[in-house]
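Common to both upcoming complexes is subunit A, partnered first by subunit B, then by subunit C.
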Partner chain A sequence: MAVARGQTQRRKSSTHESFLRHGGFLFAKLSVALCVACIAAYFLQDAHPRPSGGTAVGYVLGILGAVLIVWLALLGVRKRAVSDGHYSLKAWVSAHVYLGLSLIVIATLHTGFQFGWNVHTLAYGLMLLVIASGALGVWAYATLPKTLSDNRGETTRKQMLAQIHALDEQIHEAAQPLQRAEADIVRLSLEETDIGGGFWRRLLGNYGDCANAHALASLGPALRVATGKEAEALRKASDLMQRKADALSLARRQMHITALLEAWLFVHVPATFALLAALSVHIVSVFLYW
Partner chain B sequence: MSELFRIAIVGSGPSGLSAAAHAAAKGVSHVLLEKTDHLSDTIFRYQKGKHVMATPAQLVLRSDCDFAAGKREAVLAQWNEDAANAGVNVRYNAEAKAITGAKGDFSIATAKGEVIRAETVVLAIGTQGNPNLMRCDGAALPHVQYQLDDPAEYIDEHIFVFGGGDAGIENALGLAADQAQGNVVTLVNRSADFARAKDANVKALTSARDAGRITILSETTPGAIEKGWVTVETPQGTARHKCDRIIARMGSAPPRKFIEAAGVAFTSEAVSAFPALSPTFESTTPGIYVIGALAGYPLIKHCMNQGHDVVEYISGSTDLKPADEPILEAKLAGLPGKLSVSEWLEFLRGRVEILHGLSPLQMREFLLDSDVRAFRAGEVIFERNGVGSSLFGIAQGSVLVEVDPKNPSITVPIPAGSIFGEVGLISGRRRGATIRAGENTIVVEIPRTAALKLMAQVAEARETVNRITTERQILQIFKSGLTPADLAEVLPEAQTLEIKAGQAIMTEGDEGDDLFIIRSGSMIVEKMVGGKNVFLSYVPAGSYSGEMALLDGGRRTATVKAAIRSQVVRLPADPFRRLLAKKPELLKRMRDEVAARRKVNAFVEDQKDSFGGVVDMYSSVASFLIDQGIGEATDVLLIDETLCVGCDNCEKACADSHEGLSRLNREAGKTYAKIHVPTSCRHCEHPYCMTDCPPNAIQRGPDGEVFISDACIGCGNCQRNCPYDVIQMDKPPPEKPSLLAWMLFGMGPGPGEPDKAWREKQPKGAVERGKVAIKCDMCIGKAGGPACVRACPTGAAIRVSPEEFLSVALLDRG
Partner chain C sequence: MTQAITLRMITRQAGGGEIVRTKRLEWDDASIGRAPESDIFLPDLSVDMEHALLKLTGQSRVTIESVSGRPFLVDGKPSTHVELEALRGHTVTFGDYDLLVGQGGEDDIAITVMRREEQHHASVSLFSLKASVFGRRKMAWTLGLAILALCLVLPLAGRAWLQHTHIHPDQQWSTGPLSKAHAFLDKDCQACHAKAFVAVRDETCLSCHRASSDPADVARIDAKVTAKGSPFLPLLVSDHADHAKLAQAMPLPPTIRGQIAGVFQAALNHPTDRCASCHREHTTAPPDPNVPKTADVVRAGKPALIVVTDCTGCHSRLKMRLPSTGLIDTPDWDRHPDFRPLVTVGFDGPQPRLERLALASHPLEANGLTFSHRIHMNPVGGVARQGQALGAGRGYGAALTCQSCHRPDGGGFKPIEMERDCGACHSLAFAQVGGNLQTLRHHDMRNIVGVLRGSLPPPIPPSVDAGVLRRAMAPGGLCVDCHTVRPSAGPLGGEISPVHLADRMLPWGDFNHGVAAHAGVGKGAAACADCHKADTSDRSQDLLIEGVATCKACHGKTEHDTAAFAGAQCSECHSFHQPGQAPATGQDRLFTALGLPPGVKPRGLPTF
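This part shows the complex of A and B:
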């Protein structure tokens, strides 16, 4: 089909590939090649008295590792600096994942398998922590989006909260004819319900002490004995609170999954800064005190 | 023998009344014949209290009757007073039935049997007495009316007003004005915009719609009328609505029989044609003059001036200049050749094909809106990718189109009489090629709104533009070195068809070997595989379909139906086959295409047993996307929800590359089978937002981006017109501290759209900017392309054009 469009050289469309498959696993292949080369160099060298960070190969591996660590850390800047030029954050992430994994090989070979209770091994340990948390992130990114999408359907975060607020207003309205004691229970749902809560609560999805759930349970006995108009008002309030419970559970599930998607970053990012600090100390110390 | 008047004026509307008043003032013997028992029946029958407008504003009023914008009652009272003061000789209840005789002694027979004699006759009867009728089923039902006297008469009715001109808009507004009447009013307009209506009316209409008082159905035509119901054809398909009353205000045509009987010829056979007139308003019968709406001038001010002028001409004045003469003189000054204004008008009208159908009077008004420009040989008229949506007509000389951007010496000429720039007019795209003057050239440049008005008013102009566009589109689609001469045999038999959404242009298994070219809209191709309809591909505007049967014979191998309302050109098979026989290059090109399509068909056949589920899935996803308006998109943002981690980096990147405001709402929008269509511009083939932009600020970029320029005045029309809710009105926030300042020192709100609280805390700049319309511009001009896609860390955000995405070739990926 002859279609005239796209008159400039500007890149417009994009391939439909995940960050893991980017460029036909380009960075995975690159990083395997890098590892193979490093392993080969390690075993082919003739190191005296034994392989370590101080040999020629050790130096090269060390420089390579340090450069990689700094570059990998720059992803945080790249993500936030929106420039006009040609770049793909997805490609950066893909490289970040595979080259980051290759550090396990590169840095381990750099150590020459010499470990001790010192700042050098601390840097190595921090690096492994960063990589491990990153691996957790890869797992989360690869598996959770589907759950996130399934949970929300076509409802947005804003709509979820708006829905809860709308229900609150209706509950308030419905509670007007109630007796003092029951009204106080309903007020519990209106005033004490914590939609999300702190990070740990979101992460664990633990809402056992939800005020709305308590209030709903407490209305039970009153509902059984009430008659006439009072019963009607109670039933209306409790129906609305049941709907609120459903809306809350949807919103909380959403926040729970989002928290899972973010949790690893709370280790990954601080550990990265610690790693950069330990790495600096390691580099300075090996040159000063060696 | 009755008295012989110097002038008999038929019709006492603005033009006739003005003529009579001037004749009376000059002391010329005259008689004014009026069909009814009051002056100016058309204005008299306007809705009660209607505001009568005085446009065009720049025109000077030259009449013995006074006129200023105001209520209908005030205008009529003023004229009655002016007529009485001037001593106008009026004869009421005198409807002219026939005009006989010749210059010096005409006889006008009236309906009552009187005969009035006059040396000259001025026809000022307008066209309102002869409205255009509805032509659909049920048009003769009693609740279909062509006139609305008092909108207050109708209560609690569902009323449909047909017609997007001033009359239709004013009727609709009148019916909806008082909410207590409880009318549900819908205005149906055949085109997408209201090019024929006055600006103030269009504004009042859109604000009434925004207030929820009127529903507007654009690009809609009547389907059928029944008692209590009406069926209409909208771009989205057929719809049936409750309807108690129909008011049809679809314009009016001259009462041709009566006028032709007096020996007056018309400019053409077209229904909308007007009598052929000299510059002094004299018709082809000497002594009979035609002025006002019947001369093609519907505006009151023009009419009144003509009434004054025609009496001057009849009295022997030869050097009278029309009231707009100084404006046109200034416009035409500085052009080569020492032509007078009327010589210029005749020169342009006679030479530019699309202007042929205009009367000299329409030509004057047309030129008030347009520009005449002269170019020396080799001078560039416009550049490729330049902004501009005006249409050009070549009056003298010729122009050269640089078809190859890499080699400016390869050009295609366009001769005198033809037009160029029509692509911008129709789709709003930027200039597709540089055009320069091939020799010393004179062109008339017609602004987009004036060109749309011209096409709405003059059927011939519309047909000419359509014919030239079709020809050029076909040449562009087939390339292969075809020239207009090659198409000479094919084109006359080509048929332009309007296809409703969902209607098929060919059905699998049917006979037929014609070729179809999709001019606007888009098609989807489906095939029955294993008892199920499988979506094969998407065919956008500017492509063709049906070449398999054309080349190889046999039945249609797939069904092709419209995704949205479309326009197609049907090229009959036989002349096209003869063309192919002459052009082996074209034949090869089409053969290659057919081979590719056969492969796709075979692929789908293969899949039917092993991957039935996958094919099903693909078909349903494709239908979902078509439902989401992807059928009219040129480029759309999709989010693969199996990859989206909800980081909103796309929104942040969008805000940071567009003055701090995101034009995209990732979460909002529909989702199907984990494909999410976020609320973001689809850059429609025929953008709704562009249909009514007063400053013409919405344009198309070189890659098809629909963007809003700085000319935006913040009127909000585009936001209301967009069916996909992707335009918002906002003002840019204050500038944020740099990214590093935020990362290192925590200054400012960080990446993305700053929150309200931060925005309000910032000191207000010296100049507070107002709200303007903002929407996705596909990061126009940025080398890296759209920021949303570049900034997606997982590859969930993708930008696709539908023909790339809706292709069965993607199936093998699973």
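This part shows the complex of A and C:
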């Protein structure tokens, strides 16, 4: 019973406090302190001919940076493990974000502001890419879920797809009396409409060449000249296709927001692997050609 | 019974199962289309209202012909007219509908109509970005492994297999450009990084930079470096002192941080007493906003010099760390010990016996000569008169100056040669034959004695008896004018002392007589007499050099003190790698290089 109450409390607190504010910005403060210490060490050192990764402070910054990178990458492992207690996943994410940002300072000081076309700067660049994509992720997680929720209202994603499917069946039924030319236009909507589309289409929300929209536009002239049963069928199909366009628009907005919410991970995760590889090469090569 | 068409319409139910409706067409043809009145009704938008006509044409044979002109598929192939053998079984496709044509009972043609279920109901996973692109995990592994392969495995393999090709994948490991001095090694990492995971060792540096007294060693190094593509020959360095002594003499870093760093560096096999500890490659000087950005910013002229321990660091309290040393501490320029010149104190046989003696002890030099600088430099004495008599045509014409005998040669002077520098006045002629003077060959005692004794044939037979020799060596004789004659047990009753004229009395420091400020050129510059009190010296034993205080009159002073103010860095007179010489600058090397004949490579990088 006590356990159950504890879980309830934890759930409540996690509902009301984002990972950014976790523990009263504990990890933000820790990160700032770490950065200040590193900056002080950097400027207090007496490095000749200039600060670099090869000085005593440079080695300390390098070791610190490498340990942080490996630990930050382990979030991918940690988030798959179910655990409780003080080291909650939220605490990990909070530390991940703030310590990850502190890496900008630590790693830049480690370089001594020396960059070149080499594997060392590659590792640094990849690290910045990982951090930048992570920052985008933080922004996305902070703002997009509400937009996503507002967009779908009370409709579930399953209902959105079911509605489009149902409309397709109705359009097919309604178009049965149509002659070949008009039927072919309706087929465009039924057979060529791509609900989601590729990576960039989803990310940019650009569906200008939607087959349903084309079909709807093409039905206009036919609608003006048609008479009798044919006209009635055309009107019915046209109405249904307009409803389909609305349903598609809703689903696609949902996909666009979802894409924005997920896209950063398509950079963050592969770039992290690339960074771990480049970091390994950086460390091995530096000592191999010591 | 006549042949007819048996039509079986199969409809799949949503919950599974099928509904089969059978109809027998008693006539010998059947219309196929989307129109509800069609015999074979196919409610599919890709089927025309009246699409095709099926006809029985014989026993088990049918034809299907497109009425609208739109084709249909027969066993997967498009067609507008086809004749089929029902016994063989065929599939004719209109839109989503398959018509299976076969042999039915009672000679009927059986047409089974089925709708293909190809509709894929999209799942909610369609909303996720995962659905549309290359998987994140696969992309991550691909990228990671590609970097490992291209940036680690390839360079490692290249070290072994691509050494002698133009491909150098390990260059991507370079942390920065090499200096101009080593730029020709840019693509040959292993020229310096000879052993994996071992910091660059002195042996590697010295394989191109070790000075040697053996010209063959130097030639081998020059050839090796030239073969590697260097546009100039390497600078050669001598040991400052024995390496063990240097290590012992080096003080601990002054700060706790430095001492801790030293412990770590020693533990990591990265000691601070290596050549590369001071001479750092792959680094550039920090950007100076006052210096316009040029290529030099990217590539320095020579490796950056890091002073791990400076001169005064080692040469302070040296005795505490190195009890065997005879060196006096020099904690700074103000406390630079006075000179201890290398003085000829006597001779062991023909070899001079040299000792370093403190200038303060007023040492005398036993150089074997009798000579008065005062007499020679007196502007109104007999020597001056003789100079006038000799005339400008022979390089005199007036009272003697320092340069009358000490002839400048670069930063120093040519060694004194009796015939050239003294012979104009001090003749070695001993006889006259047919109007020609017979002259002895100075420096060659065997010749002189032989000639004077008549035992060696001179170019022209002498007519002098051996008594001349005794007279020459007697007080007031020819030799005694300049030479010290010491008693000996020989028949002459004496012998000429060996002569040793010191080329350098301060062999561990450099002094460039050619510098304007040292040659009396310019305001405040030192003339010869400021450092050498020759005009008052009557004895050849006088050293004629001043103490370090004379140097301090200019060195270490500011422009407010003297117009000839100069620096007081150790390197003004001392070089770490060329003991006894001041370090040559790139500009010195440039001027040397400009004087070289075409095709001869300069030693060291000539630069401003």
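As a convention for this text, the second predicted complex is superposed on the first by the 266 of 290 C-alpha atoms of A that agree within 3 Å, B and C clash if a C-alpha of one lies under 4 Å from a C-alpha of the other, contacts with A are read in each partner's own complex, and residues count from 1 in each chain.
Everything below uses one rule, namely that a residue touches a chain if its C-beta (ideal position, glycine included) is under 8 Å from a C-beta of that chain, and two chains touch if they have at least 3 such contacts.
What you see is a predicted model, and the numbers here were worked out from it, not measured in a lab.
J.: Classify the contacts of A:19 with the two partner chains as first (subunit B alone), second (subunit C alone), both, or neither.
T.: Only subunit B; A:19 stays clear of subunit C.
J.: Return first, second, both or neither, reflecting whether A:149 touches subunit B, subunit C, both chains, or no partner chain.
T.: first
J.: First (subunit B), second (subunit C), both or neither: which does A:186 touch?
T.: second
J.: Looking at A:50, would you say it contacts subunit B, subunit C, both, or neither? Reply first, second, both or neither.
T.: A:50 contacts subunit C only, not subunit B.
J.: Quick one: is A:79 in contact with subunit B, with subunit C, with both, or with neither? Answer first, second, both or neither.
T.: The first partner, subunit B, only.
J.: Which partner chains sit in contact with A:286 here, subunit B, subunit C, both or neither? Use first/second/both/neither.
T.: Second partner only.
J.: When the two structures are overlaid on chain A, which partner does A:258 contact: first (subunit B), second (subunit C), both, or neither?
T.: In the superposition, A:258 touches subunit B and subunit C alike.
J.: Should A:89 be classified as contacting the first partner (subunit B), the second (subunit C), both, or neither?
T.: first
J.: By the touch definition at the top of the document, which applies to A:270: first (subunit B), second (subunit C), both, or neither?
T.: Touch partner of A:270: subunit C, not subunit B.
J.: Starting from the residues of subunit A touching subunit B, keep only those that also touch subunit C in the other complex, and list them.
T.: 157-158, 258
J.: Can you name the residues of subunit A that touch subunit C in the complex?
T.: Residues in contact with subunit C: 48-50, 52-53, 56, 114, 116-120, 122, 157-158, 161, 165, 172, 175-176, 178-180, 183-184, 186-187, 190, 195-199, 202-203, 251, 254-255, 258-259, 262-263, 265-266, 269-274, 276-278, 280-281, 284-290.
J.: Contact residues on subunit C for subunit A in the complex?
T.: 34, 43, 45-46, 48-49, 68, 70, 121-124, 126-133, 136-137, 139-145, 147-148, 151-152, 155, 170-177, 189, 193, 196-200, 257, 260-261, 264, 270, 280, 283-286, 304-307
J.: For the complex, give me every residue of subunit A touching subunit B.
T.: Per the touch definition, subunit A meets subunit B at residues 1-8, 10-19, 21-22, 77, 79-90, 92-93, 140-141, 144-146, 148-149, 152-154, 156-158, 258, 261.
J.: In the complex formed with subunit A, which residues of subunit B make contact?
T.: Per the touch definition, subunit B meets subunit A at residues 384-385, 405, 432, 476-479, 539-540, 542-544, 593, 634-635, 640-646, 649, 652-653, 656-657, 665, 667-671, 674, 676, 702-704, 739, 743, 750-751, 778-779, 782-787, 789-801, 803-804.
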